[in-house]
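In the two complexes below, subunit A is the common chain; its partner is subunit B in one and subunit C in the other.
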Partner chain A sequence: MSRHWAVVQFPGSNCDHDVLKVFQSLSKKYPEIEPVLHWHEDPIEKNVYEVIILPGGFSYGDYLRAGAIAKISQALNNLEEVIEAGAHVMGICNGFQILLETRLLPGYLQVNKSLKFISDTVSLKIEDEAFPWFTKKNKGEVVRYPIAHRFGNYQLSKIDKGEMKPVLKYQENPNGSIDGIAGVYRTLGKGSVFGLMPHPERAFFEDLRLTDGQPIWQNAVENLI
Partner chain B sequence: MKSFKIQVRVQFKDGILDPQAEAIQSALKKLQFKSVQNVRCDKAFLISLEAESETAAQDLGRKMANQLLANVVMENFEVEVVT
Partner chain C sequence: MSQAISKEGLDPIRELAAAVGLSDKEWNHLIFVLGRHPSESELQMIGVMWSEHCSYKSSKRYLKKLITKGKYVLEGPGENAGLIALDAERGIAFKIESHNHPSFVEPFQGAATGVGGILRDIFTMGARPIALGDYLRFGDLNLEKHQYLLDGVIGGIAHYGNCMGIPVVAGHVGSGSSYNGNILVNVFALGIVDRNKIFRSNTGKPGQVVMVWGAKTGRDGIHGASLLASADFESGKTETKEQKIRVQVGDPFKEKVLMEATLECMQSLSSDLAAIQDMGAAGLTSSTTEMAAKSKIGMKIDLSKVPVRETGMKAFELLLSESQERMLAIVEKGSEEKFKAILNKWGCEGEVVGETDDSELLRMTFDGQTVVDLPIQKLMDAPPADLPEPEWPAVQSQAYKIPDEIKKEWEVLEKLLCHPSVASKKEIFKRYDTTVGAATVFGPGQEASVLWVGSKEHPHLGIAFKGVADENFYQLNPRFGAKAAMAKAVRSLSCVGARARAFTDGINVGNPKNAKTQAALSETVEGLNEAIIAFETPCVSGNVSMYNQTVSDGVPRDIYPTTFVVVVGVMDDVRKAVPSLFQSEGSEIWLLEIPGNRELFPEASLYAREFFPELKPSVCPFLDLEGEQRLQNALLKANDLNLMLSCRDVSTGGLAVSLAKACFSEKRFGFEGDLSKTQSRRDQLLFGEAQGRVILEINPNRRSELMKLGAEFNLQIRKLGNVTQDPTFRIRPTLSGSIETLFQAWSSVFK
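Showing the complex of A and B:
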């Protein structure tokens, strides 16, 4: 059975091909994986994609608010049902901002505490398992992923906390996020939603001299295939 | 149906970082407007539309704010009919 793994492409996405290249590389070893670039104007039907990535970038130029216009795209129209039917969605950076706008994850992102755009590589602790991305074995591990954002200061009220698990935390908080949270996860029906500011797709290829992102993608392969 | 112009004003809730407002406030102080106590930067959307009544126009504005113009997790909004 073929497994379609999709990267949704919005006008202004700029990490779409980075993720696609990761998927293409994985599909060489695991031919069941079929990487797909999915244009935002096309609806996503239930049970078509096993993995859906909302990539980083500046969808719609960050007009109005980061992620606010992407949220109402055709591709994301039935996102909740698609996830409940079994899709695993990961929103990276701008993709995280989009997921927060859809309210499928709680909280909001405000401007970094320093008010600056931060482009850096940071250490992150894996706080919990998150199927299919992190296993029990990963809990407590520290990984280094790149970050690149201005609106990455994650906040949420106490009331919202029950809905999700913070699964990734900064070792040294770069942006003022509450409890140093870098990524949040929740299951939804048969699927799951994971939003994170750091970029595991930019830590995959050996040419980039940082391969800490490999396990997260490898886990997805092993857990799903 | 009648034509209306509505204004949807969106503002950050208390406690959300608004560096733009802070920068403007300190610039006003630099210009010797010493009595300035606080500056807030709201977003205002002026929308011309057709509706059955003033109330219906306002309702439409509220729907637009809830669905798109404001993120009610971090922002409040007000809708008024301006003409």
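Showing the complex of A and C:
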């Protein structure tokens, strides 16, 4: 299988280059990884990308509803089949909102309890393993990632029966999410879907003095390559 | 506007000239140059071109004295933004802009479009913006109106900056009653540019094509520059429909795609893109006139081709619309479709609206009719305004009795920590995305902001910046205010380990027709120049906002003259950036200071203003620019030696306030100090605001190196105390209490 790792670029994405910077840094050590910026109007075919990141931002201006338009973009047209064939998709922040719109993960995000945008660095507990991102060894660890969102209050309605497990929880709930859930995960066919509000790509570089996000990316490399 | 024309018995065009703000002198000058009466559209254009906002007619004579050249300068004032060198390949573009008047009328949109405007200035140069800073002044925050303005302005900046994905990493929020009728919203942006791909507005040539890029044009913001930004307010009438409709409405998503499209055009079609300018104040008018005049070319524009989103727009409305998220570009003939392809890919409009020629005339047609035909070079400069000679009111040195009373230190400390200019702004900064871009080493709350801009050649390179203004100093003595602001900003950069290279200034003053305002301008520029010479930090860009005046009960009241300086510096290795909070238990805290006479009381400190208001302090605190250079060099050397665990400047509130704030890390260290042997008046020592003092945290075993450093740079050093695990704040013999109490006081103001 190919080692192309893609970041999907929607108009309004603004964390696309941050993730790409992480991939480029990884590819220095692991030349097999080829970082790709994938334009939203190009369909994603099966078995082309091993990892697909839906980055943070305000895709299509978040008009209508965060993530609502990105869901019907050409790039994500047959996302389910692409994942079933083996792709590992991570949606960060706006990317998480998009994944919830696709219903590949259950639940919905509403405005933060404070009604305000929250930017902070928060402590999170890794609740469970989540291939390829978290290993059994990570379970129970506490990490600090930045958050930056206004619609990050994760909720499940009674009719939300979709399969998922919470793998990341806030130590101190900043936004009112049910059970303090910050990230949810499921496997799907040969691939997986992971949606989270915090930004592990902003906790990667040593120069920024916060490297708690390194294991998540490092695990993916070690588990997939 | 149009009612004025129909007044019977008056020359309608003369009447309109007065309505668009032309003085008799300007009208006569216009007729003299044209040799005929202007058309309505021409007059509307001249009205905005010669407005204070666009022409700087009341400040030019001082601004041109500013020192703008230096070894790092790639582009000084005059372009969309200033540029300095970062390394051999890259430059730093930066600028500050004001959006005071729109933000007072409509805080959310006013502040949001202020962010949009300054970001366009940056990416118009070819730079990708990487950081924002906001410098704000509100009126008395006990007034409900100002709580509303605060919330709206912060919300607007957050909305626009967060959507654009540009982190707000710095800022300052202050308040004071001089801003009750006129708040200040100054926004700073900084970006990185490839030195081989810098774009300017003055590089158009005859025979090229003029394009409008970005959003469609509507009727929003018409006359914003002339009637909103260049006029004063009248108390109680600031929310008239007349003024509300002058405020532009921003759409950060449109700007984001315009930015990406523009940067992609610059990257892939750089040789076809001749010149570019953003459409800010007075939209199409200022962009066409400035590009034609600066490039020394003529331009023919067909206004019917401008993409519009409203029907029935008149020529003058197209010319004056301040619809946001638009650019004017001059491109090589034949390349139009290539530009359109990139713009359309990003969902932006791109339309050819005219061409350039060698006529030195700006000609515009609308529906086949010629509506504008102006000799543009001759009309760029407004005739010199009739202005009063600068005169700063003499400060009466008051015969006051130095109070014997010394206030209870703990109560003073608590009260100073809850003063809005000192109190924690954490809750405000939580509304801004401070970490997007994965480059923020130090965000808000540190002595200076630090961004990591590593490249292959310089993997750990960093940019630092710091913005400062103390309006109380400016009000007392504008020259001192300017020098103190520059010294403080440079000192803060030195504290984190960056060397200052250049700065941008945001001047905010009252009515230019007052001698005092003229003096504020003149003296501020003199003060800035003294600092520029001392620190070798030229001014590369800036903004002047005038008419920050409100008529209240028939009396015009100017704001305190307030000039924000944002100084930008560079550091080789961001891993060595020094934090401003205490780092470890047991380390020693030292004061490093410039020697000199500090026994001035009551100098203009926050303590004196709050606790002895009847004394009306008239003495500027100690400041020594030559000493500041030594302090800068000493701190940078200390950084080279890895001497400092933490470092912070002593500023508003004085020494005790700075020491207390240094304890407010998540670990909540305490401080144990002893100043019982000091000869000075104790309140002056604890709360005075003498400049040129820095608190250093060092490992005890490196004391001798610090002493050597002090001697080498002729600076005084004295040990203040130690960092303790016990969360108690103590300065013997009399000041003692719990850190948590102080922290709660400090955090209680902005929720």
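Heads up, the rule we're going with is that the second predicted complex is superposed on the first by the 218 of 225 C-alpha atoms of A that agree within 3 Å, B and C clash if a C-alpha of one lies under 4 Å from a C-alpha of the other, contacts with A are read in each partner's own complex, and residues count from 1 in each chain.
Operating definition for what follows: a residue touches a chain if its C-beta (ideal position, glycine included) is under 8 Å from a C-beta of that chain, and two chains touch if they have at least 3 such contacts.
Keep in mind that this is a model prediction, so the values were computed, not measured.
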Check your understanding: What is the contact status of A:P146 with respect to subunit B (first) and subunit C (second): first, second, both, or neither?
Key -> second
Review point. If you stack the two complexes on chain A, which partner ends up touching A:K21: first (subunit B), second (subunit C), both, or neither?
Key: second
Review point. Should A:F205 be classified as contacting the first partner (subunit B), the second (subunit C), both, or neither?
Key: second
Exercise for review: Applying the touch criterion given at the start, work out whether A:Y63 contacts subunit B, subunit C, both or neither, answering first, second, both or neither.
Suggested key: second
Review point. Now for A:K116: first (subunit B), second (subunit C), both, or neither, which partner does it touch?
Key: second
Practice item. Using the touch definition from the top, say if A:I72 reaches subunit B (first), subunit C (second), both or neither. Key: first
**Study point:** Contact breadth on subunit A, by residue count: subunit C or subunit B
**Key:** C
Check your understanding: Which subunit A residues are contacted by subunit C in one complex and by subunit B in the other?
Key -> none
Check your understanding: Given the complex with subunit A, which residues does subunit B contribute to the contact?
Key -> 16-17, 19, 67-69, 71, 73-74
Revision key, fill the gap. Interface with subunit B, subunit A side, in the complex: residues 64-65, 68-69, 72, 100-101, 103, 106-108, 110-111, 113, 115, 153, 155
Review point. Where on subunit A does subunit C make contact in their complex?
Key: 11-12, 14-15, 17-18, 21-22, 56-58, 60-63, 116-121, 146, 148, 150, 199, 201-202, 204-209
Exercise for review: Sort out for me which residues of subunit C touch subunit A in the complex.
Suggested key: 158, 162-165, 251-254, 256-257, 260, 346-347, 429-441, 452, 454, 460, 574-575
